[in-house]
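Same chain, two partners: chain A is paired with chain B first, then with chain C.
Then we have the complex of A and B:
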């Protein structure tokens, strides 16, 4: 069995371009999903039952269906409702943001609920409005507690971005599979793809472990 | 916007078969994941430093490489390395199971370490071997505590099985793509698939919650 590792070296620029898109997708999605998750969490704590029900339905739908199907759905079905066809990259970001926001909202909600009622009472007794108590007392304390869960979501997001290759977003997995098809060097290209993901993902997984140890919830 | 359900209804038996395949695929991969995960989790907790380091490398690798990559690597590279081809279903079950196993192992490890040391000491003082103590005292308590996490891993197994569509396992995601491509009724087919997956995952998540509420007291010591 002869190997053609030079194929990997010859196409290094394309692997790198794909890796950049993967990182862009991860960072952009998380940047949008933190406000998105907060919004959903607030809606689920709303005093209006209809608002709560709608937000809950959204979150449960995105948490109970496969991401790959959500991406297909946003790509093929959403345009038939809105008459707007987004480019593939934007479509991928929309799908990922809906999915990750739903997971984040559960994290945030748990964080907000975990702050003792006494903190609310004390804030209100000092003459703050509910919004002020939320912004100045509850959220800062909740932020530390949700950090480990957010970090875990971050790594699964990084891995899940690979699924957008099915709608031809040119991320690392799309580029790798294309190079494989063009050069017929299966083992070398697939191993390089796995190795690049590993090199990027492994330090992140280790960082998450450290964050879990460092910021473990303690009253 | 007009909705035409005829193509969906005509291909319903085809899609129902695919749904069965999805259930089969997720259950098989959950079984593989549980076997791998329990062995790795127990070995990492009680097996000493070397076992912990080696198996930790496996767990962290699966946590850092996308499932898509694991599946594609299994189906295409496996035959080149080991000399003989495997079917897509086998590759799907193996890839999904080995990926899931890492997450099960982490859950098992967390559950085992959550059982207080005194339990092991008491079991040993009563004359049990370490293996016996793990099997009869530690693991039963830990399993109850892990139930919520294991339940959510089962819903992950169902959702992740859709990724096996990329390696052409004839499960619901893949067959929906096939039907959508043949009929051009993407809207109806993909929405139906969405509903089917939801009806599969949501009751599992809620059901596990209910079972846990009933047995939670068995896990406290």
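Then we have the complex of A and C:
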């Protein structure tokens, strides 16, 4: 059996370009899904039942259906009954943000309600408004507690961005699969793809382990 | 007021409870409780656990809503619809059984956060005030620490400083020593005693009968959500008229002895 590793070296620039898109998708999605998740968490803690129900429906819809379906749906179904047609990259970000925001909202909600009532009372007793207690007392403490869960979501997100290749977003998966088709070198290209994902993902996974140890001990 | 002379009684009351009632589901936590606190007085609320004392404190600063009656503080109805509970709370400090310091903030920031966020005090002025208060409660060297690094007694003294930083007209203490190790109770009680000596108006829910007898101007006895007796310490501890009061005190091992020393008061909580 002859190997054609030169295919990998010859296409290194395309692998690199794909990896950059993968990182961009991950960073952009998380950057939008933290405020998005926080907003959904606040809505789910709203005193108004209708607001809570709407937010819950959104979260449960996106948590309970496959991400790949959500991406397909925004890209192919939405334009069939509306004038809305986003370019592939924007579609990918929208799908990922809706999905990750839903997961984050559950993480944030759990973090917020884990802060005991006494902390609220202590803040209110000083004359603070509820918004001030939330911003200065509850959220900073909740942030420490949710950091490990958030880091875990980050690493799954990094890997799940590969699903956006189905709508031709030129991320690492898309580029790799395209090179494979063009050169008929399955083993070499897919091995290179795995190596690149692993090289980027492994340090992140180790960082998450460290965050879990660091902040679990702080509890 | 039962015809007994009461220090400070000639002044207008600062805090008045008028037939207040509070229910939790089927539990009647408070039933038509009425009494008053005058400026400069130390009033201790005593009685068995679950008798409504702590609930009453939380009604005083509107952390709990009422089911009936009225709380008046400095002439304002605390629970008035559309009223300003936040203004009332700024003037009423509160100290909790479990300290409830903010664990993510340093000791200094715990004390300055009220003045800077609520009173919009300049940070430098707030810090100066906080350092003075830390000196007063004997913890000047702990300013940069986080609460977790402090003992229970130290945390509670910081909590007292935090409440005092708002320069309140009245202080509420909700069983301030109940969660403490016996050896640190004294340091907290002596800070409270010094505060009382300075003329601070205080409402103290406590099981420390020595403290109540020594420091209180007025004792209010609760049982099952009702005010069953009130009077000066001497009367309550030595000549209680209500059988249930005598029963409660004897359960605590109190048999009308004369005033005892506040336990461990000399262990040094307060340094000027």
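Here is the rule we go by: the second predicted complex is superposed on the first by the 213 of 219 C-alpha atoms of A that agree within 3 Å, B and C clash if a C-alpha of one lies under 4 Å from a C-alpha of the other, contacts with A are read in each partner's own complex, and residues count from 1 in each chain.
We adopt the following convention: a contact is a pair of C-beta atoms (placed from the backbone, for glycine too) under 8 Å apart; a residue touches a chain by one contact, two chains touch by 3 or more.
As the structure is a computational prediction, the values presented were derived from the model and not from experiment.
Enquirer: Here chain A is shared; do chain B and chain C fit on it together or clash?
Expert: By the criteria stated at the top, chain C and chain B fit after superposition, with no clash.
Enquirer: Does the superposition put A:66 against chain B (first), chain C (second), both, or neither?
Expert: first
Enquirer: Have a look at where A:128 lands relative to chain B and chain C in the superposition and call it first, second, both or neither.
Expert: A:128 sits against chain C, while chain B stays out of touch.
Enquirer: Once the shared chain is lined up, is A:53 touching chain B (first), chain C (second), both, or neither of them?
Expert: It touches nothing on chain B or chain C.
Enquirer: Would you check which partner chain A:20 touches, where first means chain B only, second means chain C only, and both and neither mean what they say?
Expert: Neither partner.
Enquirer: Give me the angle at the C-alpha centre of chain A between the C-alpha centres of chain B and chain C, rounded to the nearest 10 degrees.
Expert: About 100 degrees, rounded to the nearest 10.
Enquirer: With both complexes superposed on chain A, which partner does A:136 reach: first (chain B), second (chain C), both or neither?
Expert: In the superposed model, A:136 contacts chain C only, not chain B.
Enquirer: In the superposed arrangement, which partner chain does A:173 touch: chain B (first), chain C (second), both, or neither?
Expert: first
Enquirer: In this superposition, which partner touches a larger number of chain A residues, chain B or chain C?
Expert: On the superposition, B touches more of the residues of chain A.
Enquirer: Rounded to whole Å, what minimum CA distance do you find between chain B and chain C in the overlaid structures?
Expert: Minimum over all C-alpha pairs: 25 Å.
Enquirer: Going by the contact rule set out above, which residues of chain B touch chain A in the complex?
Expert: For chain B paired with chain A, touching residues are 1, 60-61, 63-70, 72-73, 76-77, 80-81, 155, 158-163, 165-166, 173, 176-177, 180, 186-187, 190-191, 193-194, 197-198, 201-202, 205.
Enquirer: Name, in rising order, each residue of chain A that touches chain C in their complex.
Expert: Within the complex, chain A touches chain C at residues 118-119, 121-129, 132, 136-137, 140-141, 144.
Enquirer: In their complex, what parts of chain C are in touch with chain A?
Expert: Its residues touching chain A are 58, 61, 63, 86-87, 89-90, 92-94, 96, 98, 100-104, 113-114, 117-119, 162-163, 166.
Enquirer: If you look only at chain A, which of its residues touch chain B in the complex?
Expert: 1, 60-61, 64-70, 72-73, 76-77, 80-81, 155, 159-163, 165-166, 173, 177, 186-187, 190-191, 193-194, 197-198, 200-202, 204-206
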